[in-house]
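Structures follow.
Each of the next two complexes has subunit A plus one other chain: subunit B in the first, subunit C in the second.
After this line comes the complex of A and B, so read on.
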C-alpha cells in the first residue's frame, strides 16, 4: 500500500482537465493578449486575521498579503529560495556573514524608495512581532553597510538559514521604516507589491488597487513563485469573504465572482463540463494529519498510540475528508521531493487492523478511558476526518468522542496541555516549506503540536538544520521519518489536494501557494 | 340507620364515579371525533413507533461509513441515498427521529414542570408575582430561537445542553399561561369553599386549582414539543446541537447544505420529516385546544 493511489477514472479525467487548463494558462508568450483594467473578485471562506503580513501565519491572510508585500528572498515556483527585493546575497565561507544587496528603485506604496534603512527596520520589527520570529534567531545583528546593502552577522553557521528566511508562512516582508515601531497589526499596510491596500471590511471584503509605480523585477521572464517579473493588469481586486461553500459556488456560477479559493469536489464534478468555468487542481496541497497529546492518558502511552496508528483506515479517512482528491502517502514529505524518505514506516500505514489494535490496547492496559478528538466546523476536512477516525477507533474498542468547536476555539484548546487527546489538522504550508519548516512545528524550542517534546526528535531537528549538505540532511530526514514511526505522536493520514475554480474569462491564473492576482486579466 | 347511611354514601360515590367515567369516555370520543387531532395523533404515533423501533426499521447503522458509496442518489440499496460519508440517509433519519423526540419530550417535561411551578408560585403567592414575572419578561425580551442559540453556544454542543437551552427559552411563555389560568381559577367559589373548610395550601393548589387550570398548559406543551423539534434542528444545523456523528435531523440537513445542488436528497428528506412531524404536533395541539377550551366547545355545540 505504499504506492500512490488515485481514486477513480473520473478523478483522472478531472486531473487531465485541470492540467490542460494550467498548461493553457501558463503558456508563455501565447497568442492571448493581456488586457489592462477591470475588477476581479476572489472568494475565500474566512476573514484574514491580520493584514500585517509579519504577524500572522494564516492562509486567509497570506492569500491577500502576498499581493501587497514582498520579501528579500522568497520561494520560486519549484520551492527554491530566489531573490525578490534583494539583488543577491553573498555568504562568507564560514557561514557567519550574509551580505544582502538590494534592488534599486523599488518604490513603496507611499511613494518612497526602499533602502537599507527600511530593510533593517522591518527585520528588527519582525524579531518583535513576527509570528515565526525565531527564524531570525540565528542572526546576531543586522548592520547597514550601504544605502542598498545590509549585512547579517550570524550566531553560528546555519546552512538552512536562507531557506527558512524565504518562508512565506509568516513572511519577513519589507515595510517602510516609518512603520517599524508599530505593534503587530498596527502598521499602515504599505508594502512594495504590485497591488496596494484600499480597504478592509471584516466579514465582507478586502479591496486592493493596482500600484502604478510598481517596479517590475526585469531579471525574470515572468512571475516565478513568490517573485519573478510581476505585471499588474487589473485595476482593482476584491477578496470577498463568503463562509458557505454552497453560496460560493452559486456566486461563481452566477458570474458574480471570478475565482474560488476552494471548490467542493462534488460541485467541481458537476461543473466539469461547464464552459464558463475552469477548474484548477493543486495536488498535493496539504498533509492530512491526526495529532495526539503526549501529555495526558491514554495517549501518553506509546503502545496506545501505536494502536491508534494501526486502527485507522487511511484510505477511508482520505476518500471522505478530501471528497476524493487525495493520494495515500505515509511519508512526512511529498513523494518524489528532495527529502522523500522512501518506504520507512510504510508497514504501519493504512492497515485498519482491528485485531492488532485490540492486542496493542490490551498491552497498553487501556480500560475504556475517553479519547477526546478535538476538531472544528470551519475547515470541512477537519470535521470529516474526525468523524471517520472516531468510527475507526470505536471499531477497535477505543472510547472515542468528538469535541467539535469553531476553529479559533480549537486553536485555543489545543494550546492547553490537557482536555484533548487527538486533534485533526490539515498541514498546508508546513510541508511546502520542506523538512525544516515542517519539523520545526514538532520540536522544541517551539511548542510541539503533540504538547510534550521528544528529546530524540529535538536532537534530530538540530542535526537537520546544521547539516551542511543536502545529502547529509536527507540522511537525517530518514532518521526523522523513522522516529515518527516509533513515537506515533502524529498520524500521517495522507496527502490531500485543493480544487480551485475560476470563470473561464479569467486568464493567466496559475494555482500556487497563494492566489497571485498579478499577471491575471479578464477577457 | 347507620347501615342505611353507608349504603346511601356508597351509591353517591358510585354515581359520581360513573359520571366521571362517562365524562372521560365522552371526552375521548369528542377528541377522536376531531379530525385534526386524529390526523395529528396518527402522525405522532408513527413518529414514536419509528423512534422506538429504529433498530429494526433502519436498514443500516446510523453512523456506518462506506467510502465507496459517497453521495449516492436514492436507489434500491439506499432508498433515500447516502451522504458525504457514504452513510445511509434513511437509517440516519430513522435514528434521527429518536434524537428529535428525546429532545422534544425532555424539553416538554422540564418546561412543563418549571413553567407550572413558576406560574403557580407567581399567581398564588402575591409577593412573588412581580419578581418572577419581571424575570421571565426579561428572558422573553430575547427572540426565542436566538436565546436558545446563544445558550447552546455558551454551554457547548451536546444533547442535554440543547434541552437546557430550549427549556430556558420556552419556560417563560409557559409560566405566563399557567399564571393566567391559575389567576382565574383561584377566584372561583369552590376554591373559596376549600379555604373555608380549612384545606391546606398544598391541597388547594394541587387538588382544586391546578386540576382545573391545566388545559391551556397541555395545549401549550404540544406547541412547545413542535417548536422544540424545529429548534433542535436549528441548533444542530448551526453546530450547537448534539455533536457529530449523532444522527439528529438538523445534523443531517447541515451535512447536506454544501451539496444542495449535487445531492439534494441529504437535506430534503430530513426536512420533509421535520415538516410532517411538526405538522402532526400542531394538528394535535389544535384538536386539543378545540376540545379542551370550554368557550370554543360551547360555540361548537351551539353551531
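After this line comes the complex of A and C, so read on.
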C-alpha cells in the first residue's frame, strides 16, 4: 500500500474540524477584530532545559524561545529560508562570500538597537555554545563590513548553507553583544522577538510580556513560519508546565488555561463536540522510525534487515503508537514537500509478509539469535512501537526481546557499538528541516544512528550538500531514498501527528513547529 | 536535655556522610549522563565528550566526590547543569511549596486519622469499627494519582470551586494559596490517614484495657476526659512515631501529588533531576532530604522525652 492513508471516520472528522479551525483562523478578510491585551496560558508537559536558545535543541525550549529570540534567516510556512532580522543576503558567484545586510531600527528587549557588532558577537558565541555549532563550520570567518552589514567568508562553496543556517533546531539567534562571553545557559535571555522574558520558575511556569518596542517586519503581510510580520496582541503569556496529561485536559476544560501543546487522542475524541474547545491537528509532526545496528549480528546482515522491513505491519504500529493520528508514508520526506521522492521504496512498505520474511531469514542464515529492541519509558510512542514491532517480528520467527530503560539510559546504550539491535525513535524536527538535516544524522562525519557508516550513503550526502540547484538536489534525494531501501538500516514506519487543543475564544492560533503566540488574541 | 539533643545531632553526621557516599555510588552506576539531554539525539560522540569535559563528568568518580565534599565544607552544594541556578537556590525556592503541602496534609491526616482510630477503638468489634477500618484501608489503597484526578474533575472542572492545579505563594495571595493547596493536601492526607488511623486504633485498644482507665471511669470521669486526657496521651508514642516517619516522607516530597497538581515541589525537582541526570541537584537534593529526615527523627525523639520522660532515662 502506498501513499497517504487515513485510518478512520473519526480521524477524518477531527481532521475536518482542525482544518476548518485553521481555515477560519487564516481566512483573509476575516471579520474577527483582534483585541489587544489579556493573558494567555499555554501548557506544555516538560520544563525547557534552557532559555538560552543557542544551547539547546529541545522542543520544550523552542516553544518558548522562538517567541523571545529571532534569527537572521529562518524558515517560512512552507519551509524555505526567508530573511527575518536580515534585509537580505548577497551570495557571490563562487559561493565563497555571503553578505548579509541587516534590518535597521530593530531593538533588543534591553532597548539597544541591533547592529552588525551584535550579529558577529552572537554567531561567534554560537560557535562555542551552539548545540548544533557545526552548522557554522563552513564559515571561515565573519567580518563586520558596515554598521548594518556582516560578511561570511566560507571555507568552501556550500549550496545548502542558507538552509542549514535557517534551522530552528538549536537556532543561531541574535543576542546583544554584551552577552557574547556568557557560558551556555547564562545569557540574560534578551532577544529581539515580539515577547520578552520575565520569569522562569522550573516545574511551574515561564512568563513572557509583550515587547512594546518590537519592530515588526513590514515587508510581509502577516506572520510566515518563523518570520514575517509579527504582531503581539497579548499583554502577557504564561507557559505553564503541567506534566500529567489528565490534569492538562482538566485545566483546559475548566478554562484555567487556553492552549495545550498536545492533547491525548482519547481526550480529543471526548471533547470533539465541546463548543468551548477547538481541536487542531498538527500533521505531519514526526517520523516514527526503527533504527537497526549494522555493527552486530544478526542486524549486520542486509537480508536479515530486509526480513525485518517486510515483517513489520506499519499500519498496526502507527495506529497503536500514535493513538490513531498518523499517515502511512514510506518516504524519507513528507508527501508533497519539495524533496518528495515519490513511490521509490513503496514496494517494501507495510507488507506484514510473514512468509517472505521467513524466506529472507533463511537466506540470511538466521539461527534464532536474540534481537534486542532498545526503547524507553519517557516517550510513550517509543515503548508502544517497540511492543508492536516485537510481536510482528516474533510472528516471523525472530527472537525479539525488548530492553526498556529510561531515556538517558537509552541514549547512552545506543551510543555504544554493541548491546542492541533495534532502537525506536521519533524524529521530530529533523524531517521538518528537509533532506540535509535528516540525512546528516545517518551519515559521516557524524556517527550514523545505525552505527556503521555506509560509504554509498555518505557519498550521496556529499552529493546532496554540494548540489547547486534544487532540481539537482531533488535528483540526489531520489537516489538516497533508493539507497535507504537497499540498505534497510532504518525502517520508516510512518508519520505521526500532534493533536493540539485551545479554548474557542483563542483566535489566530495556527499550528506550526512552535506555538506562535504573536498574532494570537483572546476574544 | 541539651546533652541529649547534642548527642543526637552528632550521631547524624556519619548518617549524612554515608547517604552522600551511597548517592555518589548509585549515580556512578546508573548509565547515561546529562550530556545527551543537552546535546540532543543526533549528537556525535565528540559533542558528548566536549560537554562531559566542560562539566567535569570525564573525571574519575573519587576526584568528583572529593571536589564535591571540599565545596560542601565551604557551604557550597554546587550548581545545576540544567536549571541555571545553584542547588541551594533550586531547593530553597521549592521549600514553600513542599512545606505548604506537607504541613497541611500532615494536619489533615493526623486529625482525620487519630479521630478515625479513636472512633474505631471505642467502638471495638462493632460495625462502626469495621467501617472505620475499611475507610482507613480504602484511603491506604486508593492510588493517589487516580484520586487526585477524580478530585480535580469534580471540584475543578464540574463544580469550578477550586483550581485544577498550580501553586500560589502565600506571600502573594493567602486565599489563593489556600485554594491551591486544599485538593493536593486532602488527596495526600487521605492516602496517609489510613496508617495513622490503624496505629491509633491499636495503641488505643492497648491503653483502654489498662487498669487505670477502668479506675478513671469508676471515679466518674466523663468519657471525653478518659479518652482524650488519659488514654490518648498514653497511646501517643506509637502515633508520634508514625507521624514522624510520615513527616519525613511528606517533606521529602510527595512526587505523585506534585505531578498531578503541577506543584513545583522538592520531590519533583529531585525526580526530574534523576530523569535528566542533573547530578548536582540529585546529590544536593538528597543530602537536604536526608537532613530533613534526620532532623524530624531528632524532633520525634525530643517529643518522646516530653511525652514520656522514661525514654530520656533509658537513653
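Here are some notes:
Keep in mind that, in the parts below, the second predicted complex is superposed on the first by the 521 of 523 C-alpha atoms of A that agree within 3 Å, B and C clash if a C-alpha of one lies under 4 Å from a C-alpha of the other, contacts with A are read in each partner's own complex, and residues count from 1 in each chain.
Rule of thumb we're sticking to: contacts are C-beta pairs under 8 Å (C-beta built on N, C-alpha and C of every residue); 3 or more make two chains touch, one makes a residue touch a chain.
Because the structure is a prediction, the values reported are computed rather than measured.
Bringing the complexes onto one copy of subunit A puts subunit B beside subunit C with no clash.
Contacts of A:297 after superposition on the shared chain: neither subunit B nor subunit C is touched.
By the touch criterion defined above, A:383 reaches subunit B but does not reach subunit C. Centred on subunit A, the angle reaching out to subunit B and subunit C in the chain A superposition, using CA centres, is 30 degrees in steps of 10. In the superposition on chain A, contact of A:244 is made with both subunit B and subunit C. Contact with subunit B, but none with subunit C, is seen for A:315 once the two complexes are overlaid on the shared chain. Legend: residue contacts after superposition of the two complexes on their common chain; A:49 is shown touching subunit C, with no touch to subunit B.
Of the two partner chains, subunit C is the only one touched by A:203; subunit B is not.
In the superposed model, A:408 lies in contact with subunit C only, and not with subunit B. When the two complexes are superposed, the chain touching more residues of subunit A, out of subunit B and subunit C, is C. Shortest separation of subunit B and subunit C in the overlay equals 6 Å (C-alpha atoms, whole Å). Across the superposed pair, subunit B and subunit C both touch subunit A at residues 244, 246, 250, 405-406. Residue ranges on subunit B touching subunit A, taken from their complex, read 63, 65, 67, 70-71, 84-86, 156-157, 239, 243-245, 257-263. Within the complex formed with subunit C, the residues of subunit A that make contact are 47, 49-51, 55-58, 131-132, 169-170, 184-186, 200-205, 240-244, 246-247, 250-251, 253-254, 256, 378, 405-413, 415, 425, 430, 440-441, 445-447, 449. The residues of subunit A lying in touch with subunit B in their complex are 244-246, 249-250, 264, 266-267, 269-270, 315-316, 319-320, 323-324, 377, 380, 383-384, 386-388, 390-391, 401-406.
Of all residues in subunit C, those touching subunit A in their complex are 30-34, 36-42, 44-45, 48, 82-84, 90, 93-94, 145, 148-149, 152-153, 156-157, 160, 163-167, 258-265, 268-269, 272, 275-277.
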